[in-house]
Structure formats: C-alpha cells, structure tokens
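I have a structure I would like to understand better, so I am pasting it below and will then ask my questions one at a time.
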Amino acid sequence: MSPLFTIPLWIDLAAVAVGGVQGAMFAARFTDNRLDLLGVGIIGIVVGLGGGFGRDILLGLPPAALQSNGYLIVATAAALLGMLLLRVFSRLGPVIIGLDALTIGLFGAIGSSKALAMGLPEVPAIFVGVVAAVGGSVVRDVMLNLPVALMHVGSLYAVAAGVGTATLVVAASLGLPVGAAAIACVVVTTLIRVLAISFGWSLPEQRALSGWQTWRRRR
Amino acid sequence: MSPLFTIPLWIDLAAVAVGGVQGAMFAARFTDNRLDLLGVGIIGIVVGLGGGFGRDILLGLPPAALQSNGYLIVATAAALLGMLLLRVFSRLGPVIIGLDALTIGLFGAIGSSKALAMGLPEVPAIFVGVVAAVGGSVVRDVMLNLPVALMHVGSLYAVAAGVGTATLVVAASLGLPVGAAAIACVVVTTLIRVLAISFGWSLPEQRALSGWQTWRRRR
Amino acid sequence: MSPLFTIPLWIDLAAVAVGGVQGAMFAARFTDNRLDLLGVGIIGIVVGLGGGFGRDILLGLPPAALQSNGYLIVATAAALLGMLLLRVFSRLGPVIIGLDALTIGLFGAIGSSKALAMGLPEVPAIFVGVVAAVGGSVVRDVMLNLPVALMHVGSLYAVAAGVGTATLVVAASLGLPVGAAAIACVVVTTLIRVLAISFGWSLPEQRALSGWQTWRRRR
C-alpha cells in the first residue's frame, strides 16, 4: 500500500483552529438563532473536526481526533475565540478565506492519502478526501437547520477539494512520492477555491435536457 | 452463522443506479433550491449508496461501496443521467416506481442477511435491513432540509421494507435457505410497496388515546 | 485501562424506555407534522438508542443496542406507549423530567467510562459521554427538521451531561473506583439539569466583544 502522508501535529491543530474560527464566524451571521456558548463550541467541533470524523468512520477506524486531548480543546477554543474576536477576524476576511482554502486542501490530502494507504481504490480515495475536506461544513449546515451550502450553486468549495484530491490520486498512481502528491493537492485545491471566489466561478445549476424539438432548434 | 446472501455485481450496481436516478428525479422537484451539478451527484450517492453505508457502519464494517470504483461512479452517473433525461424518466414513472420497490426489497434482503451472517439477533437484523433499504432516503431529506418523508403519513415505504426483512428473518430462522428467504423478502417488499401506492394505503397518524370519558363515550 | 462501569440490563432498558417515552411526547407537540406510527417508533429508537449508537461508532465498536433483541423492542414500544398515553405522561411531567435527568446522567456515565476503558484520554472521554447522553436528541431534532435544541439558549441539557461526565473523568483519574465516579456523574448531571429547569438557568447567548472603545467605556 502507498505510505501515509503525515504532517506535524501543530499544522494539523492549526488547520483545526482555522475550521473552528470559520465555524464561529459562520454561526455569528445567524443572530436570530440564539445559539448559546455551547452551540458555538459545538459548531467549532463540527467544522474543525467533523470532516476527520467522517473520514475515519468511512475507513472503519476510530476517529484520530479522539486519540489525544488536543483536537477537541483547540476546536472549541478556536470557535469561542472566533466568536469573541468576530470584528478582528471579519477585518481579516481575505486572510481567513485563504487559510480556509489551505485547510480544505490539507484535510483533503490527508484524507485521500490515508484512504490510499488503507488500500482503497482511486475513486473511493477521492470521495474520502472530499468528505474529510468538506464534511464538517455539511454537518454544520444540517445542525443549523440550513440547506447544505455545498450542494447549491456557489463557489466551488467541494469541487476544489475534489479536483485537488483527484490530482493527488493520479499523481500517486503515476508513482510520485506521497509528499509531492499531497503538495500538488493542496496547491490545486487552494488555487481553485481562491480563484472561484475572486472571479465568482460556479457550477451550472441542475437542469434537464429539453425535448428533442427544442434541442434541435437550439443547434 | 447463517451464510451470506450474495447477488451478482451487475444487479447490485443496477439497484444503485435506480437509486441514483430516483434521487435526481426527487431533487428536480425543488427548482427553487438551485442545486448545482455537484448537488445532484451528491443526492445520487446518498440515495444510491447511503443505505449501504448505514448498514455497514451499524455492522462495524468498512463500507462495501468504498472497496471498488464502480459504486460511486454508477451512483453519480445515474444521478446526472436522471437529471438530464428527466422527461424520459418521468414518462417511465410506473416503471421507475416498480424498479425502486424492487431495489428497496433487494437492499433490505442484502442488509438483513448480512446482519444475520454477522451473528446479529432477529430484531436488529430487521432494523439493519430497513436502514439498508431506506436509510438513503432519510439522509437525502436531511441534506435537502426537508422533513424526513418516511416518518410522515405516506405510502408504506419503510413499512414495506420492514415487513419484507421480517419475512426474511422468520424464513431464515425456520431453516429456509438464505436465497429463498431473500426472494421472499424482495417479493413481499415490492408487493406491499406497489399495492400501497396503487391503493393509497398508509399507516395511521400519531394520536393519543383520549381521556377515559371520551373513550367510553365512543364505545 | 480503567475497568468498565456496568449496570444491570433492566436499568439500561428502563433508561432506554424513558428516552422512548420522552421522544414520543416531544413528537406529539408537532401535530401539523403528521407523523405516522412508524415515525413515532423511529423517534423512540432515535431518542432512546441514538446516543448509544453515536458512542459506539465514535469508539469504533459495533453498537451494543444491536447485540440483543431487547433494546429496539423497548425503545419502539415505549414510544408507542408514550404516544397512546400522552395525557397520563403529561400529567406526570415533573416525574418524567426527573427520570430524563437521571437517564442522561446514566448514559453519560456509561459512555465516558466505556471511553476510558477503551483507553481514550480525558477530554475525548468527556466528549463521548456527552454524545452518549444527548446525541439522540440532536438526531431527533435533525430528523424532525427542527433547529438542534441543545445548541440554542435553553436549560443546560448538554452542559449538565458535560459537567457530570467531567466529574466522572476527574474522579477516575484521582483513583476513585469507577462505580463511585459513575454515581457522582449521575448525581451531578441530575442535580444541574433539575436545578436549571427549576430556576431557568441558561448559558449566555453568543456575542462578540465590542470594539475597544465600547470595551473601555464599559469598565
């Protein structure tokens, strides 16, 4: 099996913290929701760690975030900090978006390479990487009783993760070392995400083919 | 333990494809939701594969759909095809309903027999079969931010799966070979589901017993 | 590793039954939802057993509630009984609230001690205990398409479980036998929950620090 792509713990925790802050900033938009402090902490855990939980459950492993004290503490603390210092972080908007793009790239790279290391084939490895990258935001939306943002016309959030992890899987199957493949994944994901936000790129909305008549008339 | 009920891969993939098409047709009703192509693909994966994920997670197994490339590709492709050819599939309405009834029967039979083969007792085996059959539609509703359809007054969707898988479990405990028990499950599930739709059968709505006075007056 | 805290099966099933009755009483408030009998049964399973499913999935174990027939039967029967005898149970309001507080204390104690016995560190053990105690109510809200109650300003439902399981973890790390630590957990959880309801205690709502100017002016 391909070797595991590992990163220093502090980078992993920093990425979790970015997720927690992002979650708190997202939750702060819904002031009529009357979230309490616990709710903010939960959102931090969900956004910072939810993707990793999903990844490990799909791989049949006990969640890595439960094997040490650090992850839950960092995710909760980051969310509460994000809530308290909302104004500071809001002014840092572009920085946060950049860091978040990096974070989904990193989570995707860790997820897909872990899936490959567990012996999963290519397509499931991409799927697990995407779940690791954006699964937290899905659970966040479900728990806040909102439509799941990434399923709707938006700014290539999950697509960025998908193309990034696909890059990793292709690179790994071409024999590239997993570290290089992971860096390619992070770069591609971050680039697509940041460019999509800058230029307002999005996927087409769902639509059916019209009947043959309209079809022919259009050509 | 009882032996596993296995079906040829192509039947399994065909059932997943029916789920994916169904998911896309369901999602197409919500045009104000502005699902994008990715959202449609996700619905396809959720409806076609979600039940199987739930089944394997409840059984403590790595999801079967992640052990080969085919499942995710078929579910996604079927959903996109279902979206594009919505008019064609809509005209095939009764065919799709019949195929879908067959599919939940099949998923239920695979789920319950897999649970029995893992050594689970009768009631949990029925439960796992029902999750395998209709779990995808629950996740679909949650992700589309809709009330979970099968909990509300409707057309015996989960009930059909429950009676079908109960038939399998009883038949297996009477010593019938698992293949015959599975066929009984599929037939019973399909029959109940199709008859329920045809005749508008449904379960009673929730209601409390009235106080003793009203109770006596009614008799 | 610390030894497992076990309770007699009948206490465990009684706690599941309290959850099922609670679930049905909760669901009965939503008469416009038109839940059917199956929906009520599902809510009973979700509230009575959902926390335990979450606990075992996070611990990488097959769910305990699927290893015997009793749990699913008790949860479903309790929910249907709760629905039928709604008036009786409503008159028993304070009794139900007390039993429910006991139940979340018990589920939290079982969850956290099981996590410690599996070798998890302190903070994840608290987290798993809280999921075991209140996870069912989260899934209940998600499936009924409601905002997740425990994230919003309310009556210290999850907080009671968190303080209780933290008590257990601290007591266990001080060398107390797990039975005593578990009793402390149940007492603390029940006390906080009942007092919070009696006196209307709640956590502060989410809010950002104001700018430095307002901050200074306030002092």
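By written order: A, B and C. Residues from 1 in each chain.
Here is the rule we go by: a contact is a pair of C-beta atoms (placed from the backbone, for glycine too) under 8 Å apart; a residue touches a chain by one contact, two chains touch by 3 or more.
In this text, all values refer to a predicted model and were calculated from it rather than measured experimentally.
Peer 1: Mind checking chain B against chain C and telling me if their interface is mostly the same residue numbers on each side, over half, or mostly different?
Peer 2: different
Peer 1: Rotating chain A so that its CA atoms sit on those of chain B: what angle is that, to a multiple of 5 degrees?
Peer 2: C-alpha superposition angle, chain A on chain B: 120 degrees.
Peer 1: Compute the distance, rounded to whole Å, between the mean C-alpha positions of chain B and chain C.
Peer 2: 29
Peer 1: I need the residues of chain C touching at least two other chains; which ones are they?
Peer 2: 57, 60, 142, 145
Peer 1: Flag every residue of chain B that touches chain C in the complex, lowest number first.
Peer 2: Touch residues, chain B against chain C: 57-60, 115, 120-124, 127-128, 138, 142, 145-148, 150-154, 158-159, 162, 202-211.
Peer 1: Chain A touches which residues of chain B in the complex?
Peer 2: Per the stated touch rule, the residues are 24, 27-28, 33-40, 42-43, 45, 53, 57, 60-63, 65-69, 72-73, 83-87, 142-145.
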